[in-house]
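Per-chain residue numbering starts at 1, and chain names A, B, C and D are given in the order in which the chains are listed.
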Amino acid sequence: MLLESYKIASHNDSLLKGHENKLAFTRSEIAGTEEIIQKLVDFQIAIPSWALGTGGTRFGRFAGGGEPRTLEEKIEDVGLLHTLNKASGAISLHIPWDIPTDPKAIRALAAQHGLKFDAVNSNTFQDQADQEHTYKFGSLQNVNKAIRKQAIDHNIEVIKHGIELGSDSLTVWLSDGSCFPGQLNFRKAYQNTLESLQEIYAALPDDWKIFVEYKAFEPNFYSMTVGDWGQSLSYARKLGDKAYTLVDLGHHLPNANIEQIVSLLLMEEKLGGFHFNDSKYGDDDLTAGSVKPYQLFLIFNELVEGMDARGMNHAKDLGWMIDASHNVKDPLEDLLQSVEAIMIAYAQALSVDRKALEDAQENNDVVRAQEILQNAFRTDVRAIVAEARLRAGAALNPVALYRELKVRENLIAERGLKTVSTGL
Amino acid sequence: MLLESYKIASHNDSLLKGHENKLAFTRSEIAGTEEIIQKLVDFQIAIPSWALGTGGTRFGRFAGGGEPRTLEEKIEDVGLLHTLNKASGAISLHIPWDIPTDPKAIRALAAQHGLKFDAVNSNTFQDQADQEHTYKFGSLQNVNKAIRKQAIDHNIEVIKHGIELGSDSLTVWLSDGSCFPGQLNFRKAYQNTLESLQEIYAALPDDWKIFVEYKAFEPNFYSMTVGDWGQSLSYARKLGDKAYTLVDLGHHLPNANIEQIVSLLLMEEKLGGFHFNDSKYGDDDLTAGSVKPYQLFLIFNELVEGMDARGMNHAKDLGWMIDASHNVKDPLEDLLQSVEAIMIAYAQALSVDRKALEDAQENNDVVRAQEILQNAFRTDVRAIVAEARLRAGAALNPVALYRELKVRENLIAERGLKTVSTGL
Amino acid sequence: MLLESYKIASHNDSLLKGHENKLAFTRSEIAGTEEIIQKLVDFQIAIPSWALGTGGTRFGRFAGGGEPRTLEEKIEDVGLLHTLNKASGAISLHIPWDIPTDPKAIRALAAQHGLKFDAVNSNTFQDQADQEHTYKFGSLQNVNKAIRKQAIDHNIEVIKHGIELGSDSLTVWLSDGSCFPGQLNFRKAYQNTLESLQEIYAALPDDWKIFVEYKAFEPNFYSMTVGDWGQSLSYARKLGDKAYTLVDLGHHLPNANIEQIVSLLLMEEKLGGFHFNDSKYGDDDLTAGSVKPYQLFLIFNELVEGMDARGMNHAKDLGWMIDASHNVKDPLEDLLQSVEAIMIAYAQALSVDRKALEDAQENNDVVRAQEILQNAFRTDVRAIVAEARLRAGAALNPVALYRELKVRENLIAERGLKTVSTGL
Amino acid sequence: MLLESYKIASHNDSLLKGHENKLAFTRSEIAGTEEIIQKLVDFQIAIPSWALGTGGTRFGRFAGGGEPRTLEEKIEDVGLLHTLNKASGAISLHIPWDIPTDPKAIRALAAQHGLKFDAVNSNTFQDQADQEHTYKFGSLQNVNKAIRKQAIDHNIEVIKHGIELGSDSLTVWLSDGSCFPGQLNFRKAYQNTLESLQEIYAALPDDWKIFVEYKAFEPNFYSMTVGDWGQSLSYARKLGDKAYTLVDLGHHLPNANIEQIVSLLLMEEKLGGFHFNDSKYGDDDLTAGSVKPYQLFLIFNELVEGMDARGMNHAKDLGWMIDASHNVKDPLEDLLQSVEAIMIAYAQALSVDRKALEDAQENNDVVRAQEILQNAFRTDVRAIVAEARLRAGAALNPVALYRELKVRENLIAERGLKTVSTGL
């Protein structure tokens, strides 16, 4: 399904007056809006190929209709999103769910939709039909050298696919760990994993990064071999300069202060990227900003402060990706909501009065520090975010336009009602 | 220290033009602002007498200066707050920290400051100097009948004090529980507690309520004898129509869905009141809205919906109180921030498009339901809250005026630097 | 695969001398061992039909071999377990995974293996291929009356199957809830669920029980409509005398004191039954006793104390069932380990010196109370548990015999390597 | 109060026969008991000077009687414990609660009781009466250089006291952190803390160690500047070879896998020592082994495995200390229970069949691995622990003898009923 630009223009025209009123008011509330708007225009969030279909839990999956059946259709879906918000200009592939058989054609198709290829993702947490060894007891950590070798080779294969597509980073998320006390020797599991990662690292092109993602629990329920930021950092340090930690918001123990972790990883020069989502209990993979929007803002507050302190480029120096699952929402609408929530948090963080905050901190004026942050959070920045979309050629209200144009209905008509995407 | 009304007027004058601009814009964003403003004017949050001094932890207490040394000074402090925000028109006393020796005079003093007496609170979690029996092993649950009797008598005494002051409710928070497996027979502890509460209940005037507060842990670290809403509801049911559950936001296990508890207690006609604060880890007693402002909004969303469904009066039919501790902030500034955050959450909840939300729910339109709630949350309602203050004769920006007038410095000059309030 | 009794006899003979030595010593350590042994012989734990195959997570499933392909094979597997331990004399069916097409034959087959039919379980958390309406947005809570009706009818159907098989209870676990704030009206969801349960309750035979199971989260990640024991109790009270709460150990928020919940539910005369498993993070469904064996003992300590206080029959008056998932273990070995751990905890609880404990509690002698409990826990009761098996005609060491006899290898030979059981 | 050795001998005589029976049986169950007993004899757990009085919470403190009023009396109390169990041969002082005015005399007194001085502890989480600057907003992290200097100087002072007493390590636990978002710049707080620690490190004698203790929350409730093992390790790495991480069991987020942290810190050669206690909710500071005895065993399992893998001396190469609070128990009885629980866990870990466990791990035999660990845990090792005491000249049953001899009654007679120890 193609979304012609005149439809966006017509949608925007109908909303323009209201938008301009709001924008004018917002400008009177926030200093430096022009600079903020430009940063928002530049900011792009990658969409993972597995997020385009309805997710599920171990208790079941309630598929929606019109889900993409092929890599090509997934790229079209991300293209659609990007047309609607001009903030989703990248796709992150998951191998082997999305092996590009004709990389050149895939690259051309993506380019047509204005999309780049973000980090490629390996998968050693499931067995594939044609696979020699099972990952039941782990992959890079496995006590069996042949199984480790298989998992290493798979990662190297993924890098190759990535090179062909123009990606420049590999995300390694391992489900490796144990379900019962005694199952693993933690030290040996660490060491096996480190050696395996070192072999993968050796296959990494010079200008690539490797992201070592951590997770506190699930699918292993006693220990995870890359279980927290401390462990991920330890691996990344031993691997070398191209290795970084990747933070997924849902991968922490209850009550963890994620924004502090982000700040310290930036300080250690080892923060590599982000998987956005939201959660109340565990790795719930809910829409970004849907449960704890203030936390999302606080995280962006640290990101902006920390990246600026190191002179980093917000748009380019870290990897930004959504990693969510959509059990009860239309996946595309969910992704539009996630991107919007991320943009809002980013805009709020950009509008924090840094000088005043620093003064308050230097004077231990806790009341004032809270007021400064909460003022940025409570001020309605949505008109600024919408303006950034407008300038980039996207829709003022992407979800509304998506519904007006009956996108889902069209996709169902094209693809059928009972399609099932690869992914979780 | 007296805060003359001309000072407020002058403060408001200086901010009026900016305020009116914002208010006008907000009116264009939210339907029914007049009705919302009136509800905000009517809404009063009680200030507990123990929240006027610097709090502490078991690791230490860093007292500020100018803290109230007597009940009279505490009333003056609440009077000050109420003058500043006209939303703190009640004080909640804690016996024996604040025994009124001359109730008539105390009542007159409070009336002078426009204050009522909210729920009175008993204390059987600490031993007092002149006390016969120790509460080391609990009070209403105690295996020793004489100790239970002492605790019952104390509660009845507290009711008497409350009657003299014009209060009409008793809040019973029990620290009763156990620190180690085996210490208690849970069933007998429940039964002893129930019998004790029944004796207290019998002493309750006809038009009074008793609030049974629950808490998941601390200061007992294995079990609490009124540990969750299920237990509190069970006591309240057995006690009778005057008994209700009181919800303190910090008294839950990690990740609890408090808004659902609130909704169900309203449905069961057993929600009695609220202790507001915020927390990240446990009963952290932080400023309301400082850590999880969206949760606070969601709770108010259920309160408004549930009270309206039963035709309840928002301002009168539930007890509203702050219960926080102020380790690193000026307690009065902290209380102003808490009241402001509560008012904002209430205003947001009042501005939710209920009809649209109900439609979305009836159609399982989860995306739309989220948009409706988040629209109410993201819209800046602060001008409405300020307008309610303006109409009630309070300050447009209470914290700013508090600082301009150097209230704390004046209090220190009056009371000294090393005063220590009773309380935690 | 049939396990002839001479094989058990021969296995036992080879271990008998060592066993008798241990038993003699244990008798010298614990008072009243004969009575304990008899209670252990009488105690039976139901095996759920879905626990006989390898479980999985949303990230994948690593099937083992020789898994039962039909209800008949599942009964054979439970028969095998029961032959090995004489403590698994019941099977709990899950409809529609295990619809008995010829109930008479199935009953006869079960009787042949010495098995009864425990609670039957309905499933409205997944859509079945032939189903008219989807449960994507809940079943008994659904805003759509037709969907509620479908779910009610299914439960009534399950009762009918249960009657045919000689079962006398229905377990209702609902995944109903919501993933996002705003999705549900909590009160209406409760009321719809209650009405639906009332219709099911009306279809219940006079001598049946209905168990209302609660769960804190998953697969819904914002709210669960039967989320904690307080909610389950509220439903059970409104339903009537045949309705009870069912406790699954993994269905709680972090740090919940489950043993206290058990004690209070017994006191309220509303505890109906148990789903045993263990967990570290959430509903991890690990082997009972594998992570928190002391908690399991403390729970049994309350069960024994509370059932004795009400004169209940340990073996008959509550429903006992395992509910676990086996991602990295042979399911049958896992179940043997779970039953063993439960028997150990029960034996320990039976050996607690109740009189001494009561004395310690009455005297607030916390040190002594801990010593009494820990003495019962630290004393090795395994010889008593083994003796109970020996007397019942089972194996002294079921797991060892299972391996000696190469049961799994035989099952694979019979059924094939790539079988997949129905279930999670 | 002096405990004469004949009283111990007489106590032991009366229990000897029963003990020998049990020991003989235990020997038949566990291989290598002689070696285990010797290791138990060598193992000493330091008692912190602040654990000798009744602890409290922010809600109150229920003092017991006969608490030590001076450092001398504290040493006497630890001497008493050590006489009873010969496993508490060290005391850990907390400055400024226990400043030794005459170090020589204190050393002599300690030697008389067979006690060494373990790690000395600094305190910058409370203000002392004579202190120039307040630690309200942190110490080593403080934005004010003069306050950092004061805290650094205090730590150097503590080292000096330690040198005089023959200690060889400094434990730095910081309550530094923040209570509200915005209060701190996390990066600057880290950097200030690091610089401060570097100055302290520079003052450390060559043969000393510095332990950097971490804690997830409390008394700061938003962030802690040394909040988890990852942060502690980061500081320790930057400080140098004499810096290590110290693990306190209660200082973690809910559900943390502490045994894995222990294993990895040993692997990183940065585990320095331990603070033992137990908890259900937070830093509850309960008796070691009273809530999660299996976790304590699993931690010792990693300690034994990891220390053996690096050829470390169990008794000397790590620091072992209790850090608990005793709100409802006699502190001395509580400490005897804690030491006993630690010794049991250590003995269980020593009795694990390492070769078999390694085989099971190498073969992914998860069922067998669990059986090996649980066999070690379920086997009753108390006779071995008692035998170690007997050989060292201590009491077979320390708590029983403590009660027989009416030690607490004697201490009250000597010191009075209303004494209050320094400490929490």
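List of remarks:
By our rule, a contact is a pair of C-beta atoms (placed from the backbone, for glycine too) under 8 Å apart; a residue touches a chain by one contact, two chains touch by 3 or more.
Please read these numbers as outputs of a predicted model, since none were measured by experiment.
Among the other chains, the CA centroid farthest from that of subunit A is the one of D. Compared on C-beta pairs in contact, A-B and B-D come out with B-D as the pair having more.
Subunit B and subunit D have Cα centroids separated by 40 Å.
Per-chain Cα centroids separate subunit B from subunit C by 43 Å. Subunit C has residues 136-137, 178-181, 183, 216-217, 222, 254-255, 257, 280-281, 287, 290-291, 294, 328-329, 364, 366, 370 in contact with two or more other chains.
Here subunit D touches subunit A in the complex through residues 136-137, 143, 178-188, 190-191, 216-217, 222-223, 227-231, 233-234, 253-257, 259-260, 263-264, 266-268, 294, 298, 301-302, 305-306, 309, 357-358, 360-364, 366, 369-370, 372-373, going by the rule given at the top. Chain contact summary for the complex, subunit A toward subunit C: residues 55-60, 62, 125-127, 134-137, 175, 178-181, 183, 216-219, 221-222, 254, 279-282, 284, 286-287, 290-291, 327-329, 424. Across the complex, subunit D meets subunit C through its residues 21-22, 25, 28-29, 254-255, 257, 280-281, 287, 289-294, 328-330, 333-334, 337, 344, 364, 366-367, 370-371, 374, 377-380, 382, 399.
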